[in-house]
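Listed after this line are the structures, all set down as structure tokens.
Heads up, the next two complexes both have chain A, just with different partners, chain B and then chain C.
Take a look at the complex of A and B:
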């Protein structure tokens, strides 16, 4: 056998993903900047730097930490949603239903907390189960009736939204469309902070949900890469026929995968709403973007659970940063617009990876050809 | 002087990670000749043809067409130069019909509207002229491998290509079809088309090719005129030693019944009728029973029924006394049923898994490879490396090679190794030596006979006359979903078997 050569740095998959992700981010910023220029050239540069800076716009470090905390509070559920998407994706399923599973989790978690007065951990389990239930539904439709999970996912998103809206009506505040405040109604349902909040200038919304989400990301990586179940699930995703041939229960695996994916998204919702950061509005008529952003975070992270930790943080960072754009120069939708442009371009990671590989191959071939000519 | 070569490939070098697939290879194809390419599994034949077809860019070397140097950067360039290729593993769109696949890329249209009628006429005419029977409206995913092959050939003929590359076209055809294909190839060559033809079957090469070039481990060994050589010489050139074409086997009395099939009926996926109709037979310990027949007479579905890939609609299947008619696939496998599947890419491999992960595909859940839910990577690597060594599975990077990048024959060897090494009670082998070189066939046949000698039951499904005659202890001929005859390989002749296979003769069973 030929002597083992070191893989060139640019050929290492992790490096490639990182590079491709950075290219996407940069491109997103450039396109966002051009859009701002077109709308109002005067404030464009300031606006784009505000978005990138997010909490760094504050000069004092105490405020910076506090607002970093706010980004983290929302990054945790985003990470969970992106895990949900990438887990299903590894098994060959596109879980666009993560959004609905997130809604189901929010509903179950808040209902258990506000209507039943249960402690936080029970509420979290309930949220995970509700998400899992919805996921299994998609999985079952796929396994037994061959209904595309994208179609059933989108429909279930809406079913979940309106079901949860009416369910949470019973714990609605009388004067507003929001559910009653969690920390007042049932303090035991607030996820404990365990001193974490103190690190972030007493940001009480920073809870153990954040480290928990990171631990779960690592666990998902282990599950996919090191375990028998991961081996089976990936085999099912890559070649259903071969999975069947060697006796894996491919229908069961499809349902299980969607169930796990749903549980992840549902749990993510609980991590957010049980921190007390926001209340649920029972009049909302669009599915929360968290689940959909999870798709972008999954791809930006190179479909790797560890990568997803960083990509989720980044996307949330940009989204939060949007709030700092000067509203006098731009309409209030601009922040959402810019972050969506960036998020949208994040989906191109695989494409840039492909381009990079093509370029490398061409370069290597050219080098070898030169050698051959000599 | 006029150039006598249609295609010249000079000094071609192509590397892959860990391997030089083509090392300074020269190949010259004369106009109107049939030129065979011979070499062991992984010798680099498919790679060389892919270079000619523009799928790979060589690191060194030039390609000339009619004496002019040409650049073939992609298959479109190749098509523009009149080069067509039938790949070893077909490139067909599974959910399209045969006709759609044939016209894809060159769809006849008027003002942008498809003119399928015209295309259908041409396809029909071609298929009649060359005896390539296909159903133009069947979907690819529903038809047999043999029919997919014929679709690929039609695709090339439809494009009026003048340089035709056949990468192991006969591996999936029946003896009659092979004879027909040989005739087609001779006709095409007589019409001035130049043909490159890869085959592991020396008899075919001797019968149809004018010249033969031999590759070994990526290197060019030489080119010989077939009329001045022998099969023995060719195989010695190819593997570097003499190959024994005959399977050595001692007489054995079969033992207990291992597999008992009673009145089994399996529905067909493609047609509305039943593909297997009330079939009954037994396979005993220590015997090799062979199912012979022309492709598409229910053999595939018979195996699907036995292995659980398709439900059995009627009848009963018993393995070592246990009724497995409705048993899940996993329990059949753990009860001692091994299955070398007909379609290695569809069922046999997870192409994007590594070689080692494919090797443990049937055993990954055993305590040796899994503890507490976690894979025991070290044991998997050790086991895979032992099998790779023992069965001489060649690849660029050993156990961690992606199965997709392996040569067809080596993919097959990996599957055979996996299934035989499980030491099964019943080995169901469907075309186990498809695409293997003569050396590997010799080895696999010996392994199958060794299983039988160790008291295992073997059910062999083969389309190849030689294999059927050489390896089996008992032959069952299938025709239109039924077993129409039982023959003894020691007393029967290929002609007699042919009559049964064609449905011209049958005995009441």
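Take a look at the complex of A and C:
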């Protein structure tokens, strides 16, 4: 009897997903490079390598570690947003409202920290609750009133932005549009570093938020793949009528999913703003891009929580890298451009897998035919 | 009061045009979440024409060429959705979202590059069109009539006739309701869906141009179009995918949107002392409430969002 045949490496779904993501990244970079060439051919290659290198542009390893730290500080909230998007997507919901839930989390977290003077962990819980509240609202509108979660999410994004801007107006710095500096007003609300900052050349913004985000990613994977609740949620996403027929509470599941997704995005905002890296500008007139980039990271990561860890880092890596291009010739938005091209291409992942499998089938058939001829 | 009506009509025109665009796309069976990005590109096309036309160009030339540019660029941009959704069967929500992000990012990169090429110190993403914008406006006793209001009305009538009174419109709708049935009687579902998406690109592009010329004479492309594409989608849903109802809905939403521009002019509103952010939020809150009240018995095209596959039954 022949030995058990091993699956060819290209047929393993995880490999296909990884391959598809890499193709998306490569094509995205190529399109970005072409755009740079069109703007100004002289510095295009340098600019695209600057974007890809990000902190490696520094020759000194201490500076490299410090700026790697800065990328990580922003990658953690991005990972949370992408977890929010992918968790909802697994249940059949497109959480474009992650951006608004992120805003709500930032508002609640900063308000608790600056106006109420609460310690960091209370602020984080408040941020998660605020995000969850907004998420639940979308979920309830979907479950009971049949309002598409994409539309309600977008509307809530803008409502959250204007609400948070006026809420944080009370803790605004008198001279600038930003909120007062966290570490001076309430040091107890800064997420502790526990020595992590020392690893990154004393980058004081590197906190336990970064490992926490990774732990949460693993927890979400366990929840989705290894628990009864995760199974029920995914079943609801696949076919809500079938789920109801099986006795699952499909309305409750929809609301719960959006609540969890909202909490993730809200918590992400707390991880960022409670590190003290940036202050909130109460005059901003557009929703922060973090939530939308979360969509990119979620799809680029193959809709897998573990994949999201890497894709979030990558998206943040090139976004930060955009700051290093020569501003005399190019604008830093070129990284936004590249990441949006990557999201667009992620739409074709299914098509890509289909083509790959068809090619593999053709090849196998041809091989079989050859054997038959012998 | 005239100011309120003026703003209401111009914002309603934007919403009407873009919502009609969404209406055509969805009737053909493709959800167009990317209207926001299409608006940005249409606006960019129109703004470039307005910027580069010579100062002495006649009003009619400015109007005609900028509208043509906005339509053309909007249509070209909507091809991104058409190819992805119709040929490659991609997730339409994802592609639409990507188009919105891409629209703002690409327009910003483009305008910044253009501005820096002209003047190395200018790193803004703003295009000015002060003199060209005057072509669109006719002053009638304090009321600034805008040719776009008329254009929106004409396109509304054309859309209604096209959708309900022509063979094309009825076939288009068939593709959004039951593409397999449409195919079985010899309608080419793919080309109908292409037509639907391209018309939405055309209307969305003009909508974007109207939006950036409503009240201001320069536009910072970094800001995109501030969720107007999505408001238009809400208008479309509230209008139950029917042009006349969409027009009514657009007027209502236009009213609430214009309040944030003009509320200080009304004594009783100014005396209420409501912060301006409340007025800014108002259109979004209203649309959520309206959607919550109207979505439960939705008349959405039945096959929208589902890629058509000849082989499946």
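Convention: the second predicted complex is superposed on the first by the 339 of 374 C-alpha atoms of A that agree within 3 Å, B and C clash if a C-alpha of one lies under 4 Å from a C-alpha of the other, contacts with A are read in each partner's own complex, and residues count from 1 in each chain.
Here is the rule we go by: a residue touches a chain if its C-beta (ideal position, glycine included) is under 8 Å from a C-beta of that chain, and two chains touch if they have at least 3 such contacts.
Note that this is a predicted model, so its numbers are computed, not measured.
Chemist: Answer with first, second, both or neither: which of chain B and chain C does A:134 touch in the superposed model?
Modeler: In the superposed model, A:134 contacts neither chain B nor chain C.
Chemist: Using the superposition on chain A described above, determine whether A:213 touches chain B (first), chain C (second), both, or neither.
Modeler: Touch status of A:213: no partner.
Chemist: Comparing chain C with chain B, which touches more residues belonging to chain A?
Modeler: Tallying touched residues of chain A, the top partner is C.
Chemist: According to the stated criteria, A:242 is in contact with first (chain B), second (chain C), both, or neither; which is it?
Modeler: A:242 sits against chain B, while chain C stays out of touch.
Chemist: Considering only touches as defined above, state whether A:151 meets chain B (first), chain C (second), both or neither.
Modeler: second
Chemist: Which partner does A:72 contact after superposing on A: first (chain B), second (chain C), both, neither?
Modeler: Neither partner.
Chemist: Contact-wise, after the overlay, does A:99 reach chain B, chain C, both or neither (first, second, both, neither)?
Modeler: neither
Chemist: What does chain C use to touch chain A in their complex?
Modeler: Listed in rising order, the residues of chain C that touch chain A are 33, 80, 84, 88-91, 93-95, 97-99, 101-102, 104-106, 108-109, 112-113, 116, 120, 123, 125, 222-224, 226-227, 230, 233-234, 237, 275, 277-278, 280-281, 284-285, 287-288, 291-293, 295-296, 298.
Chemist: Could you list, by residue number, the parts of chain A that touch chain B in their complex?
Modeler: 1-2, 226-229, 231-232, 234-235, 238-239, 241-249, 365, 368-369, 371-373
Chemist: Over in the complex, which chain A residues touch chain C? Could you list them?
Modeler: It is residues 35, 39-40, 94, 96, 141, 145-148, 150-152, 154-159, 162-163, 165-166, 285-286, 292, 295-296, 299, 327-331, 333-334, 336-337, 339-341, 343-344, 346-348, 350-351 of chain A that touch chain C.
Chemist: If you look only at chain B, which of its residues touch chain A in the complex?
Modeler: Residues 13, 15, 18-19, 57, 59-61, 307, 309, 328-334, 339, 341, 346-353, 357, 361-362, 364-365, 370, 373-375, 398 of chain B touch chain A in their complex.
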